[in-house]
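Chain IDs A, B, C and D follow the sequence of writing; residue 1 opens each chain.
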Amino acid sequence: MSDRYDVDRVRADFPVLARTINGYPLTYLDSANTSLKPRPVVDAMSDHYLFHNANVARAMHTLGAEATAGYEGGRAKVAAFIGAATPEEIVFTKNASEALNLAANTLGAGLGVGDEIVITVMEHHSNIVPWQLVAERTGATLRWFDITDDFVLDLDKARAENLINERTKVVSFTFVSNVLGTVNPVNELSAWAHSVGARVVVDASQAVPTLDVGPISDLGADLVAFTGHKMLGPTGVGVLWGRADVLASLPPFLGGGEMIAVVEMTGSTYAEPPYRFEAGTPPIAEVVGLGAACDYLTAVGRSAITAHEADITGYALDGLRALEGIRILGPSATIDGLAVNRGGAVAFTVETADGLDVHPHDVMTMLDSRGVAVRGGHHCARPLHRRLGVTASTRLSPYLYSTRAEVDRLIEALTWTRDFFGGKR
Amino acid sequence: MSDRYDVDRVRADFPVLARTINGYPLTYLDSANTSLKPRPVVDAMSDHYLFHNANVARAMHTLGAEATAGYEGGRAKVAAFIGAATPEEIVFTKNASEALNLAANTLGAGLGVGDEIVITVMEHHSNIVPWQLVAERTGATLRWFDITDDFVLDLDKARAENLINERTKVVSFTFVSNVLGTVNPVNELSAWAHSVGARVVVDASQAVPTLDVGPISDLGADLVAFTGHKMLGPTGVGVLWGRADVLASLPPFLGGGEMIAVVEMTGSTYAEPPYRFEAGTPPIAEVVGLGAACDYLTAVGRSAITAHEADITGYALDGLRALEGIRILGPSATIDGLAVNRGGAVAFTVETADGLDVHPHDVMTMLDSRGVAVRGGHHCARPLHRRLGVTASTRLSPYLYSTRAEVDRLIEALTWTRDFFGGKR
Amino acid sequence: MSVEQLYQDIILDHYKQRHHAGLRDPYDAQVSHVNPSCGDEIMLRVALDGDRVTDVSYEAVGCSISQASTSVMSDLVIGKTVTEGLALAAEFSDMMHSQGEWEPNEDTLEDAVAFIGVAKFPARVKCALLGWSAWKDAVARATAKEES
Amino acid sequence: MSVEQLYQDIILDHYKQRHHAGLRDPYDAQVSHVNPSCGDEIMLRVALDGDRVTDVSYEAVGCSISQASTSVMSDLVIGKTVTEGLALAAEFSDMMHSQGEWEPNEDTLEDAVAFIGVAKFPARVKCALLGWSAWKDAVARATAKEES
């Protein structure tokens, strides 16, 4: 860990880290599932609710102006955080899933039989099911990138299959895999898709929390989705960034208050982006909280967080690789103890000395009894697990508050788990 | 005000009420726009975020179990609050607008040319635009109830027009108008719609905060939508209640994590309700907060709140009726100073002695300068305002923390406003 | 910030007696603008003679600020060149976004200086800009038409 | 609550050696159940002879708890009447929802009493119930088929 990164000071802002679970200190390594929340984020929301709460836009009194300043201020902070050209490029949704459904429904509105949508086999269900629903509704065909044995997208196979072609209308893929940790070549894929005139959607849910993704338009994508709760923010808020001209070209998604220009019983016209896509009372306090989360991450330092995650992830990869019976699902190389070009999510399987697969739920329960929180299951990526030939996996995922000592506790608990199930055979 | 209702004790839980605005005490009469939040609701969310935060369902460790208990516990509280048969009848959305879009999209999935959808002219935009979008997409026809000069639904005209007939597939209407205060005959309308085999959707956003609507199935509706932020709860959470068999019959709406049974690249199957309709990470902390809001309202007493609102509304109606130049848009009768069979939203227009219409925005700004917060505009009900022959109106809306003294301050500020604009003529 | 500073007499006078109101022929472009959050609406026509604004006419519903601002705007731009009018629009917009920290130039903005008080009411800034936005849009369309 | 209480030897033994595993003919109904939050899946067949359960066979992926519970369930219900099996299912379900406050009856539940420890792990209760739910569903379908 870098000497300059003061993880203890960071940890002091997360009171839950002082908890003990079953007599052991809490070891929270489930940040890809959702991150912990620091006090400044929670306090910003409490202050908003207790002293400045009102509805936005439609309330013009003093509290309404304060709430609007909080909400639109949060939009400006998120815009700055990802290097958007203007705050109007930021659409607030309830989570990344809604953002991806918004993308699928609006981009999919004009599709028909013969059109193709391309995703990848490593997607989160939230970037699979919306496209399946759109394909079903419109008659378009859903196709996908496979992966290689090295856990990266199989671009050669895609080329051989002519996966992206003149029928391709949308290409949607994840920036960083929430299972493998793989970082996809966003620029290359975007250019490829654009070369056939397709729109590009990027699921950056697993990227924005730790990578400095801005200026966001440099990715080359048309729409980028991410979620608040994985980046120290509250639940109930997600983001869809869109290039101004792309957003302006999209039809409305959900209908309701705030997204309209003029409503008549016989038909309505719609507001300009981003409001066109924000039906009903928006997640006001949540955006205040997300803005505070952006402030917090910026104050700690974006590159320091990226470096810290590379350190902890590298340390975990080295530790896991040294452990008999562990198979890492994803790139596992390290250089000087640092993870290279991969995210912090590390999924793996556990086998006992006598060849028994220890199921991830059992691993999770065993680890939890020692205070270690990880996730077991398919991590909302069942097709990827099938592709890897496993039903489920266990996943650790650190964040800016994680320490090497916590990884040590994980490794120790994992060894004990493996031997507990093995010994009893 | 009833002697037994201790409004000061209630007010002590809302710290913002101690604020002064422009040197005047805050007089918050904009609760139909969004309610203020009591400390116990805000504290419940802070405690959740700081000490029990995790993702639900998919996290099985201790924090995950606590977060799941908080979330599902919130579902049980909301179910009990509206007298639902089981917690599984409660679907969480991001707001009432999403709940109504969910209803429109799923009920509308099978519609086509020749089918009819019926709404009313007094609907909030959130119960108009989703049906317009569905009608546009499917070719179905959108029709609506008119109102009488007494501000109630014109059932006679509807009968004469054969508004509800064998082609009617969905009837959707508001329980209580957020402008007029009118309470619609839900049972009668539901029975009428069901007699032709149509599904019934009720927008109860303006009803649930003050009326004891349970047992919810007694309304006779199939789906009922409401929103958290108007009933002391946080932003970012809405509710769609549905009869179990109706929910079970509906296709999915948004796709993503949590709403699936089995995902394959070639097609997916979906979870049982309510999960089928909850794509992605749900509003976990928000549901914890909404559960706390239900607890709070229950502790104060549902019937006491209803009675208090009838008292404050009646007092406001009497005060406004006595004021030259004020026209109340909605039922304005009182009996013994109490509002009768109407909600607490009171919309009105202001005219000076010399015949100048004072625009609601000007009224709002003038009132705000005296610390009085009301709403001016079309309150997301533009068609209704057109029907009433006005562009916009000013609306006061009290809640359980409101007092007669606040109404006095409003009336005084309103008198001053009227004369300010009149005097300068 | 008192409402007396906001509702200066100039504003109330224009509100009660709107200059150039009503829709007139001939015109080169007509636009409809709306402030969705509050429901204020305007339909505005502009007539050009080459580079010169010969008429601005409108039908509008809205608050005193939006009505008066449109009235003042029409006084200001009629008879000016498009370039002069756009410069005024920019100057007015800058003033409105100044939060009141601005020394308005009475020589150029004339009656529009009365709106300096509105700049201190963030919720009302949009009201003051509605007519100006519509005018800018109409002029852009009229010019585009001429060029095509 | 220690994991040793959860993972009793009976459970681990059944996990490693699942009784009646594999899909067999003949059967009267086949169902697929899944625990969407964790991905555990089971395909289960039931064969009836009148009111009597003659066979239960299954293919399943999942954790030790769900696998062992299915194995124990099959031991318990094969040879019993449907009514007896459903009574056992109810008794087992009650035990699982007892949060561990339960005195399990070894005479009726036999090996299934080992799952009392699971009742104290709310996140794992669903695992223990997966096989039983599938069995109840399959029996309902088989019975319905017989009646129709």
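The rule is short, and it goes like this: a contact is a pair of C-beta atoms (placed from the backbone, for glycine too) under 8 Å apart; a residue touches a chain by one contact, two chains touch by 3 or more.
Here the structure is a predicted model, which is why all the values come from computation and not from measurement.
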Pair of chains joined by more contacts [C-beta pairs], A-D or A-C: A-D
Geometric centre distance via CA averages, chain B-chain A, whole Å: 32
Rounded Å distance, chain B centre to chain D centre (Cα mean): 45
Centroid spacing, where centroids are CA-atom means, of chain A and chain D in whole angstrom: 37
Where chain D touches two or more other chains, by residue: 37-38, 41, 123-124
Per-residue overlap in chain A, given as positions that touch at least 2 other chains: 22, 58, 60-61, 64, 258, 260, 262, 361, 365, 376-377, 382
Chains that touch, pairwise: A-B, A-C, A-D, B-C, B-D
Chain A contact footprint on chain B (complex, rising order): 15-16, 19, 21-22, 26, 28, 30, 33-34, 36-37, 39, 41-43, 45-46, 49-55, 58-64, 93-98, 100-101, 104, 121, 124-126, 128-130, 132-133, 142, 144, 227, 229, 234-238, 252, 254-260, 262-265, 267-268, 279-286, 361, 364-365, 367-368, 371-377, 379-380, 382-383, 386
Parts of chain C lying in touch with chain A, wherever the complex brings them together: 34, 36-38, 41, 122-124
Sites on chain C touched by chain B in the complex: 2-3, 6-7, 9, 12, 16, 37-41, 61-65, 67, 121, 123-124, 127
Chain C contact footprint on chain A (complex, rising order): 57-58, 60-61, 64-65, 68-69, 258, 260-262, 271, 275
Contact set on chain A toward chain D in their complex: 22, 356, 359-362, 365-366, 369, 376-378, 382, 385, 391-392, 420-421, 424-425
